[in-house]
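Mind looking over this structure? Questions follow.
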Amino acid sequence: MQIVVNGEPQATDASTLRELCEALGFKGDARVATAVNGDFVARTERETRVLKDADRIEIVAPRQGG
Amino acid sequence: MQIVVNGEPQATDASTLRELCEALGFKGDARVATAVNGDFVARTERETRVLKDADRIEIVAPRQGG
Amino acid sequence: MQIVVNGEPQATDASTLRELCEALGFKGDARVATAVNGDFVARTERETRVLKDADRIEIVAPRQGG
Amino acid sequence: MQIVVNGEPQATDASTLRELCEALGFKGDARVATAVNGDFVARTERETRVLKDADRIEIVAPRQGG
Amino acid sequence: MLDTPHTTSPETADASSDALTLYGHAFSSRLLLGTARYPSPDVLTQAVKASGAGIVTTSLRREQAGRDGSRFFDLLSALDVAMLPNTAGCRNVREAVATAHMARELFDTSWIKLELIANDDTLQPDVFQLVEAARILVADGFEVFPYTTDDLSVAERLIEAGCEVLMPWGAPIGTGRGLANPYALRTMRNYFPDVPLIIDAGIGRPSHAMQAMELGYDAIMLNTAVALADAPVDMARAFAMAIDAGRLAARAGMMDERDMAVPSTPVAGTPFFEFDGG
Amino acid sequence: MLDTPHTTSPETADASSDALTLYGHAFSSRLLLGTARYPSPDVLTQAVKASGAGIVTTSLRREQAGRDGSRFFDLLSALDVAMLPNTAGCRNVREAVATAHMARELFDTSWIKLELIANDDTLQPDVFQLVEAARILVADGFEVFPYTTDDLSVAERLIEAGCEVLMPWGAPIGTGRGLANPYALRTMRNYFPDVPLIIDAGIGRPSHAMQAMELGYDAIMLNTAVALADAPVDMARAFAMAIDAGRLAARAGMMDERDMAVPSTPVAGTPFFEFDGG
Amino acid sequence: MLDTPHTTSPETADASSDALTLYGHAFSSRLLLGTARYPSPDVLTQAVKASGAGIVTTSLRREQAGRDGSRFFDLLSALDVAMLPNTAGCRNVREAVATAHMARELFDTSWIKLELIANDDTLQPDVFQLVEAARILVADGFEVFPYTTDDLSVAERLIEAGCEVLMPWGAPIGTGRGLANPYALRTMRNYFPDVPLIIDAGIGRPSHAMQAMELGYDAIMLNTAVALADAPVDMARAFAMAIDAGRLAARAGMMDERDMAVPSTPVAGTPFFEFDGG
Amino acid sequence: MLDTPHTTSPETADASSDALTLYGHAFSSRLLLGTARYPSPDVLTQAVKASGAGIVTTSLRREQAGRDGSRFFDLLSALDVAMLPNTAGCRNVREAVATAHMARELFDTSWIKLELIANDDTLQPDVFQLVEAARILVADGFEVFPYTTDDLSVAERLIEAGCEVLMPWGAPIGTGRGLANPYALRTMRNYFPDVPLIIDAGIGRPSHAMQAMELGYDAIMLNTAVALADAPVDMARAFAMAIDAGRLAARAGMMDERDMAVPSTPVAGTPFFEFDGG
């Protein structure tokens, strides 16, 4: 399955958002937040969020800001 | 029938907007424009525009402006 | 003898500036400074400074300033 | 005799300011004004103004200005 | 009803080498003059003539019974200028739309100076209702002159709505303060290089109008500064000259500002100068 | 040697209802134009004509051997304007006095624009030497136009010295910054209501000149802003218009600034208005 | 997820006699400091401490695979300040809303600094999308800090949408120009006397921040002016002092400006004074 | 007679790493406070303390017969500050010189704040008499603090006369207008990088004082802005903070102004960004 993670196209076997996060090395308690196709997906919903081909995933963390 | 003309309550026997204009001394070619209950009524529609109780009529003319 | 003290005309019997100061109630250690006819007269010179008719005396003290 | 004309040192045989002007090619009616050693010398006085060694001469003409 | 501004001699867009073109109509003057607050109709007439304005703004107001409504219109018609009616005093979209329609019928023009006022303190536009009303009126066939601010996001919405001219304020109406934010107005000019931009409101002195023209604005709309001058007719002429001069200067390429002084008179050849300091 | 400015058609002081009168000579234009830094003599000539200036400033500089010195003079003479020679570049009283005398002979005029420069950074006047030189020159029969600052104590000394005109700077020469201290210039205008005051130096844009005229200044002297414009001739005309318009505005009584907005279009009779808020 | 700003020692609203209260939380400091563009994390840490800020702004950005995302968060957590995440870079409502939700989860706070940018030249807010996003986020339980302009009609919509704080810009982000339109900002302050108003963006110097506080603004948000100073830590302290001093001055009742001078030292009793002029 | 300012605990010039040094005496505060126009002696005392000022200005005035003249002096002596007497109200050199001598005896100090007033409208210095009096007083052993303008040619004469400090005005005394000509004051600062320059007069708000410090001025002298505040003691503290913060900022290297916006929050890694515009 081809998806886009943080703007970069890539292939994945993960079937849920949680599996994707784990596959990318984000542990369960990592301070990251997620969105799929432009909509926020809460941490608690990652497990039930099924991925499909061409999904666009955002995985973000706290950074400096003005 | 009680109506409001240019903000002033008054009684009228006019059944149409055209009759009202005539009753108020505005001739057919007077350079005035009209609205009823907040909506513009074109000169050509005054004859067919039937008035009803509590209608609010505006009759306006060109003036100075900035 | 008629003199002017701080802008006010007055008569005096004092023959020196020191005598005038004393006559006006300024003690020897009073924190006042003096000028005669527009020129500064130091405290130490008051005793020897002879007054003459029409002299204009200034006797000033510290005040607020900006 | 060594003099300075308009800031440039030069030798001259001229004995008067008028002779110097002529030697430099300024005709009698040229629209130039003169100074010697910092002082203005009027056109009418050039003939009688005797030059001496080390004199500093200015010969100026109208120019653009702001 | 005509879809052109009412004027007996409309110039065409190529009538002049530096015409102001608004909705396809060309004007040699870059001053739009308001018609309110003059000491008398006669002074108004003379001021309009002295200003050289090709466009004057007007309003509509309630008429007294028995009048024929044409006195003021006839006064202006004699002046051979385009009339640009406004929606001054409107507080909501519905009022503004109805007023625009009445104006179109009264003044025989599809031009409308769209004003939607947010509050009495500043008489600033309510930018949300302004955009909404502009959309409706453009769809109804109007050619809209929106009284707006220097806000670029509002300006873009107005252009999207179909406005071909924008009228940002210089300062609140009637204050005479000039350009309250020249930096923002300069930015706006640069951001919309091809849209006719007319400063509307806040101009108090001819030098204010000139400053705006030097910034590259296309035209100036004003009223109070002329009408309330001690000598309105002379002031109208002063504004006309200032605006023409500002336009000319903007096109003639003004010098840049510098921090340090530089002599205008040439330094070379200065008498008495010597290397030792002379 | 004449004691009048060199011009073939001097206007008399009553030639115009609003003439600028300087040392008994009247001028209809209130612009004094410098003659330096133009791209060519031809552009200079055209710019002077376009400006309508009645007075131009000049200098004197060292002449090359063999020249007859009259080329530039003849160029200006053809323009029928008064010439006001300056002492630009002078750093001390003696230089300035000698320069003034040379200028009087060269330009057939007792007018002198007196400049005594204090430093290169600002080219500001050295106010001490300025006053001293003015005293000497007035005693020598000159009519002095002193380049000064907005300092009132200096101005009073210059007037006491016999100067009948003052030329305060707007900003340092050649900076084009406009009026660096409008507040002080306004104070100066009010303090000397009857002395001709000419802003000299620092003007960069026509709106700067106009602002000064609106403050009540009598005339504007400028050079770089025209000479270094992309189109000097057009810019000369723009300044001429701006200065005339500023004069007209100052006399026509400008409106006062306000903090709060006030409608220009009348409120009475606004359609849709009702007591419940309409 | 908490609905309070993340800080280990939140002050309560009555903790101080002159606290800044934002959505029920009280802060003794009236400076909000951005955390971007510092030379190093260590300088950032020191600058936050030196500033005394009770609130710092943050963002969220894409994380690299394998990271645990907490490094920057932990750095700030150690500083005992409230974090106010922003939506910087968002161009439309949907992005802004999703970003706000991610921020709420990441920073354990319902506070969001809502930025919806209209264009790159000015980075000004898109006021239409701003209001729309504010409505959605308030409905979703956020406490919104909208980055807005000095436009009163926009401000009123934001307040209607449920914003209890407004953050008007002083000038475009990162320009350091200070208050581009002090007149409009003064009007805004007077129009909303009871709404906390925080100047956000454009501050370049401590005197700019102080001027805003003297106008009666409640607080100042800034970043670049500290981060890009030669000595950021000292500059943070300078801003803290300026803002505190400005607050103090605004409450201490500043003197009015005058046109004419008036002596400070008393005139009565001046030596050498006489009626003939002394 | 002492040749030092009267203070019971003079700091030495190396007491502080950033001391203000005037005629060999070092002060940690960069505020000089006037002592006139306070509501009461008690408020004056508290304001001086709150200001942290190391120097206060004073005058001398005619004393009533029978007084011992020391009440005001004793009030200030208790405050442990240096006293700087002025010659306020003097109109000619002779008065100023005599006043300075009387002040030296009265206040046990060779310091004198030299004021020679040109006119009542502006209370500006008469720059000619100022320089003349400065020469005389320096020869008489005084350490002169001249109240002057931003004129560089005057400043150079004062320095030549032996003044080691200059006190240019910001605006006319008592007007509270702030820096009337920041451009000229910036030029002055750059022209005299090593001379202590103290802004004297015209300061109305702490942000005015801060602006001057940001320009690099060494200290600020003020009176009316504190004395006529609604809460003079708080205002004194606000000025103290503003001046310290301005000094700190000037040394911490402020960012440069820009025309175009630049994001503070990093652009890289912005979520939802895509090459097709995302």
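Of note:
Order as written gives the chain letters A, B, C, D, E, F, G and H; numbering starts at 1 within each chain.
Following the convention adopted for this analysis, a contact is a pair of C-beta atoms (placed from the backbone, for glycine too) under 8 Å apart; a residue touches a chain by one contact, two chains touch by 3 or more.
Computed from a prediction, not measured in an experiment: that's the story for all the values here.
In terms of C-beta pairs in contact, the better-connected of the chain pairs B-F and A-G is A-G. Interface repeat of D-E: among B-F, A-G or D-F, the matching pair is B-F, sharing over half of the residue-numbered contact pairs. Distance between chain C and chain E, defined via averaged C-alpha coordinates, is recorded as 72 Å. Between the Cα centres of chain C and chain H there is a gap of 33 Å.
Centre-to-centre, using mean CA coordinates, chain B is 94 Å away from chain D. Residues of chain F in contact with at least two other chains: 34, 36-37, 59-62, 86, 88, 95, 98, 102, 121-122, 124, 173, 177, 223-224, 263-266, 269, 271-273.
Among all residues of chain C, those that touch two or more other chains are 6-7, 35, 38, 58, 60, 63-66.
For chain E in complex with chain B, the touching residues are 34-38, 44, 57-63, 65-70, 72-73, 76, 85-86, 88, 94-95, 97-98, 101-103, 105-107, 113, 173, 223-224. Partner chain E is touched in their complex by these residues of chain B: 6-7, 24-27, 29-35, 38-40, 42-43, 58-66. On the chain E side of its complex with chain D, the touching residues are 263-266, 269, 271-274.
Touching chain E in their complex are the following residues of chain G: 118-119, 121-122, 124-128, 131, 149, 151-154, 156-157, 171, 177, 180-181, 183-184, 187, 190-191. Considering their complex, residues 34, 36-37, 59-62, 86, 88-91, 95, 98-99, 102, 120-124, 172-177, 204-207, 210-211, 214, 223-225, 227-232, 234-235, 237-239, 241-242, 244-246, 248-249, 251-273 of chain E touch chain F.
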